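As written, the chain order gives the labels A, B, C, D, E and F, with residue 1 at the start of each chain.
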Amino acid sequence: MSATTVLDWGLGLAQGMLVLAMALAAWRMLRGPRAQDRILGLDTLYLNGMLAIVVHGMRTGSGLYFEAALILGMIGFTATVALAKFLMQGEVIQ
Amino acid sequence: MSGADLPAWAAWLVVALAIAGAGVSLTGALGLVRLRTFYERVHAPTLGATLGMALILTSSMVLLSLLEGRLVLRDALIGVFLTITTPVTLLLLARAAAQRDRHEGNPGAPPEI
Amino acid sequence: MSRILRPFLPYPLLSVGLAVTWLLLNAPLSPGSAVLALLVGLTVPAVMRALRPPAVRVRAPSTLARLLVVVLYDMVRSNIDVGRIILGLRRGTRRTGFVAIPLDLREPFGLAVLSIILTATPGTLWVRYDSGTGRLLLHVLDYTDGDEWVRRVKDRYERPLMQIFARGDSA
Amino acid sequence: MEIVLSLGIGVFAASGIWLMLRPRTFQVVLGISLLSYAVNLFIFAMGRLTVGAPPVLGAAAEVVSVDDPVPQALVLTALVIGFALTALFLVVLLAARGVTGSDHVDGREPHQAEPHPGNPHP
Amino acid sequence: MPPQLLLATAALLPFLGSAAVICLPGHARNAAALLAGLVMVAALGCIGLLYPAVAGANTVAWSLDWLPTLGVQIVLRLDGLSWLFAVLVLGIGALVVLYARYYMAAEDPVPRLFCYLLAFVGAMLGIVLSGNLIQLVVFWELTSIVSFLLIGYWSDNASARDGARMALTITAAGGLCLFVGMVLIGHIVGSYDLSVVLASGDAIRSSPLYLPALVLVLAGALTKSAQFPFHIWLPRAMAAPTPISAYLHSATMVKAGIFLMIRFWPVLAGTESWYWIVGTAGMVTMLVGAWSAIFQHDLKGLLAYSTISHLGLITLLLGLDSPLAVVAAIFHTVNHATFKASLFMAAGIIDHETGTRDMRRLSGLWRAMPYTATLAMVAAAAMAGVPLLNGFLSKEMFLAEAVDNAGDHWLNLALPVLATLASAFTMLYSVRFIRQTFFGAAPHDLPHAPHEPVRWMRIPIEFLVFVCIAIGLVPNLTIGPLLAEAVRAVLGPRTPDYDLAIWHGFNAPLALSVVALLGGVALYVVFGRRINSNPRGGPWLMDRLDGGRLFERAMTGLVTGARALEGHLGSERLQVQLRILFLTVLLAAVLAGVARGLDLFAPGNSTDFDPAFALMWVVGAACAVGAAERAKYHRLSATIFVGGAGLVSCLTFLWLSAPDLAVTQILVEIVTTVLLLLGLRWLPKRDAAIPAPAAEVVRARRRRIVDLCIAGFAGLGLAGLAYAVMTRPAVDGIARWFVEEAYPRAGGRNVVNVLLVDFRAFDTLGEICVLGIVGLTVFALLRRFRPASDSLGRPRQQVSHDAYDAARADRSPGETAADALLVPRVVMTWLFPFIVLLALHLFLRGHDLPGGGFAGGIALTIAFMLQYMAQGAEWVEARLRIQPIAWIGIGLLVAVLAGAGSWLFGRPFLTAYFAYWEPPLLGKVPVASALLFDLGIMVLVVGASALMLVALAHQSLRRTRSAEAEAERVAEGETA
Amino acid sequence: MSPTALSAPAVSAWDDHLVVLPVVLPIAVAGVMFLLDERRRRLKAALSLATVLALLAIALVLVGRVDAGAQVYRLGNWAAPYGIVLVVDRLSALMLVLAGVLGLCALVFSFARWGQAGPRFHGLFLLLLMGVNGAFLTGDLFNLFVFFEVMLAASYGLVLHGSGEVRIRAGLGYIAVNLVASLFFLVGVSLIYGTMGTLNMADLARRLATPASGEQALFEVGCAVLGLAFLIKCSAWPLGFWLPTTYAAASAPAAAVLAILSKVGIYVVVRLSLLLFGAGSSAGFGQTWILAAGLATMAYGTVGILAARDLTRAAGYAVMISSGTLLATLGTGSGGALAGALYYLFGSTLAAGALFLLAEILQRGRDPARADQPVFADEYRDPFDDAGATEVGRALPAAVALLGIGVLLCTLMLAGIPPLAGFVGKLAMFTGLAAGPITAPAWWLIAALTLSSFGTLMPLVRLGIRNLWVPSDDPPPVLRSTEFAALAGLLAVCLALALWGGPALAYADATVRWLEQPQDYVRAVLGAAQEGVRP
């Protein structure tokens, strides 16, 4: 198997696994039962989405997807933090 | 698809790291489904946020370094920032859950400290 | 830190961190990006001066390095442990529960790092901290009776952290 | 891929439209969000689908076959405008809720009589 | 003065006078009357001087271009007919001015009355002098409007307002019809010029559009001249001051309709349709008017219905296809104007001096005002057609025409009978008028003690009565030549031979006349008492049939109907509107597609299927459907799901080669989620457990099914369109050029960014304006925001935190909340500079790589947002001075200046400039004005989004301040 | 430094930049205003007055320069169809003048009260004008979307200006409906791009001139969706129920200037119909539907104005009628009538704007409950029952007299009663429809025009009487000098339009003739060389 084939199949598989992880996270998100479970699901969705982006960048051999992943990794938590804080304090900003 | 001029071992290494990372992450997501209580489930995503993430980012850095012929480390930034931001969500979430459970008098509610 | 440099470099570690981040973002290294990194390191901390967070001083670099290794090791190990639990590979009964840990560490920055460490090692979760009593409520996935968890947290993480982020000169 | 994306657009649009037709303002604002996603993806789809060829030229600026940049630019503009208007709608719905006490899109519960002289039909 | 100039002067003088008189002070009665009188006399003088110019079937014309592309000129055209009418208008106008001076009360703002009056004269002259069909319409409507103002002169009086409105509604509606009719005539003839039209009678009558044109023109004429059933406005118009009634509603304005029919008689008459419409209208009006006049108790009411009747008579004459009838019509028009105007004035004097116009209260005024009584009696006799007075002459001609035209049809046979009957009625109400008012016992219980009016007030009547007598006695010496000119102007070669003599021998008309006179007297003798005691003055047989009231009912019905229809054809409810919107777009798209045979699934290109992508979209679809399902009762969940859908959308962009979109999408997604959460706090609790009424449940279910169908089909439609386009081969459009030229011409490698800041920077400029505007609007709106009372309290969670702190001795208030945020605060604070760095990075690399000013700006906003979330608004604002509005201003200015800089080099706005600068050490550094533009974008984005965020975040603070007590009360309730 | 771009020929004269100023100037001034403190009202008022005057002056200069056809301004010096171009031709210049006049008068009116009622009024106002101007000028479909959004965003701000429950409730619906319209717009434009590969209007026309391609059906679906978006904006039935409520709720100067918003939709429909569907492979597309929509809008507007309980709602429906009139005229396909309709559009928009201003003066401080009193039923009186009637004239305060004149003139304008421009416009439409054999649509339109005239006259007279003649205990309305100036300005233009109807109609005629020759527009925008040749 050539390097290309290995990378193609291997990274494709990895990306598929991450998308599957996203699906599982989404399942929890939709299933609940409590709001905290859903937020946790969304957080996991973001995480695996971010990892999927990294793998996609590897598949295409391009560095152009890095910023999207970095943004998700660095400030993606803002959304889930806001949700969690809303749950905790009933208000996002006091 | 890139990597035509990559040595096979490198390709295998990259793929192994990536699949391992994805596997860890998938396991974490699976935990989200399989574990029974919220306080158990909340541990699960950390798998992806720590080891899974580290493996995948390493894989990416290896691949890009080989492709570009220089040390590419910038993916590490994702790891650093992800590591320091993940706890924020999780601990707020745990705090919120604890508070709700105590307020509602649920059986699994955390004790007073 | 020299008094002359202080107005320009209120947070030297931060400046270094920012410069390094910039260089990593704009790799490969070029004269242009180096100049910009320098500029960024010098100017961006100014926004922090506005926020006036308590200064953080890092001591005992060797302890820091040791802690890093310990945490990395714990992280990998607990990843494997928790993975096994999730995949149902672990036999025997497993209990989960809350552990209250009395902390001596009061430095917010240190506490933050501790919380990051505890979160980064799957199986432990920071649930609640009471600043009045210094008690931390931890949720552990694999609960064992006794002080095992208390000792583990205090010995492996809290003590080095207290060495690194010693209280004192908050500027 | 085309069939997946178009079905996805369809589901987003249908969910969004369904929500926009609901009586509660918050439903409507979420509907606007979803419908905006659908429309943005639709605009994007007008440039046909390309995997792994962003319209960013390499270091040598050599022209290769890349995705159509025009719809992307249009989506970016639409995205920003959509964001602004969603935010505005949100604030107006809050203001309406504040002054009317109701979160119904008509500013009053359906059983309430019309207080405004302009409308003879409660 | 040349004739054209005289003509123009006469036409213009009244308008100038009108404008001048309104400038007088409010109670300048004498000055106003003098000015108005002078204007009338001067204009009359001009017209009078023009008599030689029009004598002998000549015309004088003066024209001015107005709307040349439409063939509309202002043409003043004076011939015999218009000369006669102009003299009538100005002559009686001058008398009315004199009369009004003494009639109007000292408190009345008389200049306004004279202003309207002069404007009316101008408009009326405009009609009679009009040489262009459209010009005629213009002045026609002008008379309606001025008449409206005159009737409503005493606007405090409800019947004046109603009368004015009814008159305007009917006459203006007729005018609209006339307008269309004139356009049709113009279409047939090919010109709006009156002379051309008058020469095209055959073309008009033979045109297929003749009937519609005729009907429309007659609609104008018959409404204006108060013909049945449009006559109802005229009695109501009597709410106007009496001089106005005398002038407009008997002598002039109502004659505009007559004038129109006379003017167009040569081209429109002579057909069956004309005969039936005009003849029938005239006949019915004559009878109904006379019959109604009999029963009126109000003097002005009697005169009003009498006017209607006489207008009917003239109309009937015009309806008969006989040139001689036209002569009679013109003659009677003049006669009616003189005797009716004088009668109105007399009635006005009676009203003025006694305080009432009710004939049941009046009697024996002969004794108190013999002079006025004599004048009124002569005028009434003229109205009744008593020999030796002008009314007799024209009535004789009328009866002669009635006899001559008696044909084989039953209606034709009935003509002489009905004409005689109407004449008898006229005699009856004339007799009743004289008998009731001037004879009988001395009046008692009148508001004022009657006496003769001031001398000047009688002069106009004296003059008019003199004219009546003069014409009656020596018609050939007085009216003869003038009438001949008028008739010749209308009929031209068809002018018949006629004789205006008093005595034509014993003939049928004379016999009928005698029958009518004696019959009228007899009828009065028989029925007089019963008529006088008839309550409310409703005519027998038609007592219940009050046209005016029916009209008002119809109008009310129109409005009520319109209101119902407005509700049925439209809706103010947003849901209904949106439903219609989506349905319509669905329908429009389907129709357009079907019309061209659109095949959505034509075989075409496709990209390799990737199961991971499909699975990702399963997640996306589930999120979207989940959001739709949960949004009502579980808003937080729905918000979370929308976040998931947004993420899938972002990943899709990435997967399909749009990193810029992915970056922007995810940033916007984050900010939107936070904004939604900020808003969520102020929404009411919604509980699924509260049951709805059963009927409501059924309706709601039906609505949901409909909505589901709409949403489903719309979604399918959009999906189908997307699929169809995606599978078709790419079009050879403008895209390739951008990819090829982005680097060589604009110096950027990220084509999308180059499009945004260079090729299509104008879009971006607009886009940031939107953002700025929205930011400001949000700010303005929230400045006055008042939360609903049930959202005022602190959230439950905070209340329980506080309660916890309060219950424990070792804890200070707020400590629990602070502890919960201890670690997040540290992380978020120290992350701040790094996010600023990220923002800077995104901004600087935008031109070559994914990123750009917008992404940088939003990232910076998120950095601020995190601080607000971690530390609260007060803490942040004590440290960071953000002035978002100024940032918006700076952003706009920077962007505009970056664009306008190119003006200095003579290039169009937004022409980008770029170059490579090679400083030592650093290598090639691109310098591009586009970067400056992008900077403007970033600054504005930060300003606008921070403004929204801050404005929303501050609501909590405001709530805390304004409702402290409320919150405490709630807190106590919670803990208790 | 060596400039490498800028190879295209430069703009020759400085005054060529005039074309872009109607957009750039308001942005710049708004930017400056946002830097000024909110309390510096006088300075802000002076700035915006100067700007709006400048805009009007520029518009008038541009009118003077469009004789030769179209003047094209290439933004960023990029040639069409790649770059965005601004195109001034007779139609856009006319609309710019309309926006300038209405904007100026509304602004002057706002000096009395509304300019101070909420923050940042002037900035929003200028940006609204900028959006309107941009929409009139642009030659690019997506850029049109952007300007629509600018205009709408500013209009949202102005509708909500001054807050209050009625405004906020109306604003909510207004925003929701227009958001949907914007989404339709996007779908339509992108479908057109996806099938034709271009966004430039002239380029689109050029591509359509070639025989139909397989994408024709998709393209026409896109046009249908896009057209619907415009019909929503010009409040065609059944898409325009938002208009009367929104305009009635908005503050007077906002409502007055909003009167032009619906005309932007009309403008685009006219522009695109004649440019794209006048000839070529999609000739006549949608014409019947436009006629139907126009007639339905006129009918619904007439019903609405008959039902109106106050002047502001009546004015809103008058705006609808005027939109419907233009749509229906366009739908008949008669060029002469269209010229008349353009002329009518100009006048009726100004009159509707004036009516909004008048309504505000008359209705402020009045008891709103009175608005609901019956119309005719209980007003019946015996015409000769003069018992208790006061036959004494009331000396009118100058304000009331002037307002009365204003209401009268507006009524005449909107109802198309002589001698004002409304009448001339209707005459021109009638004459145009009656040029040559009169078709069935022409008959329909003639009937609709006549009925809508009557339907407008009656309620406006009724409302005018109620507001001006019926004695009331309320204090008489106060008319401030700036308010008077604004009203006088609007009505004076209406009068002037009638007096100089000849030249005005000639301009409108020339405009329609120009629009009916789209190849000239295409040539002006794309250049002669590109005509018929793919790049």
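Heads up, the rule we're going with is that a residue touches a chain if its C-beta (ideal position, glycine included) is under 8 Å from a C-beta of that chain, and two chains touch if they have at least 3 such contacts.
Heads up on the chains, UniProt names are A = Multicomponent K+:H+ antiporter subunit F; B = Multicomponent K+:H+ antiporter subunit G; C = Multicomponent K+:H+ antiporter subunit E; D = Multicomponent K+:H+ antiporter subunit C; E = Multicomponent K+:H+ antiporter subunit A; F = Multicomponent K+:H+ antiporter subunit D.
This structure is a prediction, so every number in the text was calculated from the model and none was measured.
Asker: Taking a step as a move to a touching chain, how many steps at least join chain A to chain E?
Answerer: 1
Asker: Treat touching chains as neighbours: how many steps, at the fewest, connect chain B to chain F?
Answerer: The fewest steps needed to get from chain B to chain F is 2.
Asker: Need the most distant chain from chain F, centre defined as the mean of C-alpha atoms.
Answerer: It is C.
Asker: Count the C-beta contact pairs for D-F and for E-F, then tell me which is higher.
Answerer: Between the two chain pairs, E-F has more contacting C-beta pairs.
Asker: Central chain, going by Cα centroids?
Answerer: Given all protein C-alpha atoms shown, the central chain works out to be F.
Asker: As a test of understanding: of all chains, whose mean C-alpha position lies farthest from that of chain A?
Answerer: E
Asker: Averaged over CA atoms, how far is the centre of chain A from the centre of chain F? Could you give it in whole Å?
Answerer: Spacing between the chain centres: roughly 49 Å.
Asker: How many angstrom between the C-alpha centroids of chain C and chain A?
Answerer: The answer is 23 Å.
Asker: Could you put a whole-Å number on the gap between the CA centroids of chain C and chain F?
Answerer: 62
Asker: At what distance in angstrom does the C-alpha mean of chain E lie from that of chain C?
Answerer: A distance of 73 Å separates the two centres.
Asker: Going by the contact rule already set, what residues in chain C reach two or more other chains?
Answerer: 21, 25, 115-116, 126, 128, 130, 133 - these are the residues of chain C that touch more than one other chain.
Asker: Counting only residues that touch at least two other chains, what does the list for chain E look like?
Answerer: Correct list: 563, 566, 571-572, 574, 578, 582, 610, 613, 639, 655, 659, 680, 718, 721, 725, 730, 733-735, 738, 744, 760, 763, 767, 770, 774, 777, 781, 784, 796-797, 820, 823-824, 827, 831, 834, 838, 849-850, 952.
Asker: Residues touching two or more other chains, restricted to chain D: which are they?
Answerer: Correct list: 20, 25, 42, 45-47, 51-52, 54, 56, 70, 77, 81, 84-85, 88, 92-93, 95, 99, 105-106, 118-120.
Asker: Pull out all the chain pairs that touch, please.
Answerer: Chain-chain contacts present: A-B, A-D, A-E, B-C, B-E, C-E, D-E, D-F, E-F.
Asker: Mind listing the chain E positions that touch chain A in their complex?
Answerer: Those in contact with chain A are residues 610-613, 615-616, 618-619, 622-623, 626, 636-637, 639-641, 643-644, 647, 650-651, 654-655, 659, 662-663, 666-667, 669-670, 673-674, 677-678, 680-681, 794-798, 801, 817, 820, 824, 831, 834-835, 838, 842, 849-851, 859, 862-863, 865-866, 868-869, 872-873, 952-953, 956-957.
Asker: Looking at the complex, which residues from chain D come into contact with chain F?
Answerer: Residues of chain D touching chain F: 20, 25, 28, 32, 35-36, 39, 42-43, 45-47, 70-71, 74, 77-78, 81, 84-85, 88-89, 92-93, 95-96, 99-100, 105-107, 116-120.
Asker: Of all residues in chain C, which touch chain B in the complex?
Answerer: For chain C paired with chain B, touching residues are 21, 24-25, 27-28, 75-76, 79, 82-83, 85-88, 96, 98, 100, 115-116, 118-128, 130, 133, 135-137, 139, 141.
Asker: Using the touch definition up top, name the residues of chain A that touch chain D in the complex.
Answerer: Interface residues on the chain A side: 59-60, 62, 64.
Asker: Under the stated contact criterion, what part of chain D meets chain A in this complex?
Answerer: Listed in rising order, the residues are 51-52, 54, 56.
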